[in-house]
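Chain naming follows the written order as A, B, C and D, and within any one chain the residues start at number 1.
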Amino acid sequence: MEGYGWSTEVSVRFAETDAQGIAHHASFVVWLEVARVQWLAAHAGGYNRIREQGIEALTTEVHVRYHRAARFDERLRIWTRIVDLRGARFRYEYVVERDGEVVAEAWTAHATVDAATHRPTRVPPWFAEAIATAGP
Amino acid sequence: MEGYGWSTEVSVRFAETDAQGIAHHASFVVWLEVARVQWLAAHAGGYNRIREQGIEALTTEVHVRYHRAARFDERLRIWTRIVDLRGARFRYEYVVERDGEVVAEAWTAHATVDAATHRPTRVPPWFAEAIATAGP
Amino acid sequence: MEGYGWSTEVSVRFAETDAQGIAHHASFVVWLEVARVQWLAAHAGGYNRIREQGIEALTTEVHVRYHRAARFDERLRIWTRIVDLRGARFRYEYVVERDGEVVAEAWTAHATVDAATHRPTRVPPWFAEAIATAGP
Amino acid sequence: MEGYGWSTEVSVRFAETDAQGIAHHASFVVWLEVARVQWLAAHAGGYNRIREQGIEALTTEVHVRYHRAARFDERLRIWTRIVDLRGARFRYEYVVERDGEVVAEAWTAHATVDAATHRPTRVPPWFAEAIATAGP
């Protein structure tokens, strides 16, 4: 996918479908999180590395635009990148693709907070470096 | 809530929480659907009335902005209204509130399609009328 | 329901259905938890009263027998009772009913543990009393 | 795992955890389904091969016994086998394992029905053969 250098895959689970016979739209929100977790594992030592330092990454905004329905057992590729890191805030962008077709586009916004106080805390330097190194 | 004339309530289920100790952000997307279904029951004979006519209402876009965390067993009020009905498309707007505080703001976009062909089909007149009658 | 003195209700959410057009079987496991939480609210001061004392109630076993399919927007009544309280262990039994028909039967087993150490800890006396008072 | 010749893996998603900091017990029920779908793909041409013939495999019973908690991002191996095929009914058995430890044991019972009428219909011969060939 143009502008994206990394992707992961999910298969649509039967539990994720609904009575319209397609993947329920909330399932995509979970898949985006799966993609973020794997992005972090691939680029920044994993989400648990962040959590072990007493930092939580909250999701502050979610936007998904659905272009096509996804069906049971289909394999979807989720192109994922981080953009706009500033202080305690950053955003992910995603394209969900199936066989060259765009199934959905999405972005999520996040803030890093102290796990104990839930107050904003800057993204750790090694995380910022990991993002810079990852590129698009 | 200013600008909203109708609301419903959900309680945060334990299954909807996550290891951050708060309601998982994807849970909100499900609650918005619960609110839509109850809005339709209150104003337009219920979602099944639409489905019985061979029409499905697809969700084409979801946007949620999280302001505060929600916790297990909290009761949340979801203010809900339809805006922007045009042909086969319409949008819902929502404010999720807890004791006068805004927990989240959201909107979703929808398109009515023929259940068999999945082609766009205009919103039925009685549905358009129900929306007009419902007001904000 | 014979042998049961308390019940609560859930409506089948659209997100809880699957591509067979019926409520996904895992949804029932979540509804049983909703019923337990409401049983505790009705009889023992709520689940948070237990959690505030540093005790967690773990689920150690789940059994569900499905008799009939449940469909979107159907209202199900969940008959619920506690049986077999012994030390740190107790069981719930359930009948999921719709209009006089049994949709599912279920039981779950639980153990109370110290939230910090996750070691078994006896059910608090006030909880045991609440159970005794609740009756079947 | 003794007595099991096939397994698959899942990673615990963050959305699958709960406020106890562990994988929610209903998540296991979804994972068992993921294992069944992959078992069918490995041994019998996939679940869609069954669905394409107008047959649905309903879940009629679920039993899970939880031995240990599973945590976010842990990789779990699900040992899976079919037992007791008779007419329109069969059972799966499972052991969920992490690094040689048993996390959970489970079984599920299923019935094949005609997708249109939801009446019991015998398991197709090729499916019965696939099961016989698969062995334990």
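Quick note on the criterion: a contact is a pair of C-beta atoms (placed from the backbone, for glycine too) under 8 Å apart; a residue touches a chain by one contact, two chains touch by 3 or more.
Predicted model only: the values in this text are computed from it and were never measured.
The set of chains in contact with chain B as well as chain C comprises A, D. Chain A and chain B touch with mostly matching residues; of the residue numbers seen at this interface, over half occur in both copies.
By number of C-beta pairs in contact, C-D leads when C-D and A-D are compared. Between the CA-based centres of chain A and chain C the separation comes to 34 Å, rounded to the whole angstrom.
Separation between the centroids of chain C and chain D, computed from CA atoms only, is 24 Å.
Computed from the mean C-alpha positions, the centre of chain A lies at a distance of 28 Å from the centre of chain D.
Within chain A, residues 14-15, 26, 30, 33, 72 each touch two or more of the remaining chains. Listed in rising order, the residues of chain D touching chain B in the complex are 14-15, 17-19, 21-22, 24, 26, 71-72. Contact residues on chain D toward chain A in their complex (touch as defined above): 13-15, 30, 33-34, 37, 46-48, 72-73.
Contact residues of chain B toward chain A in the complex are 20, 25-26, 29-30, 33, 56, 58-66, 69, 118.
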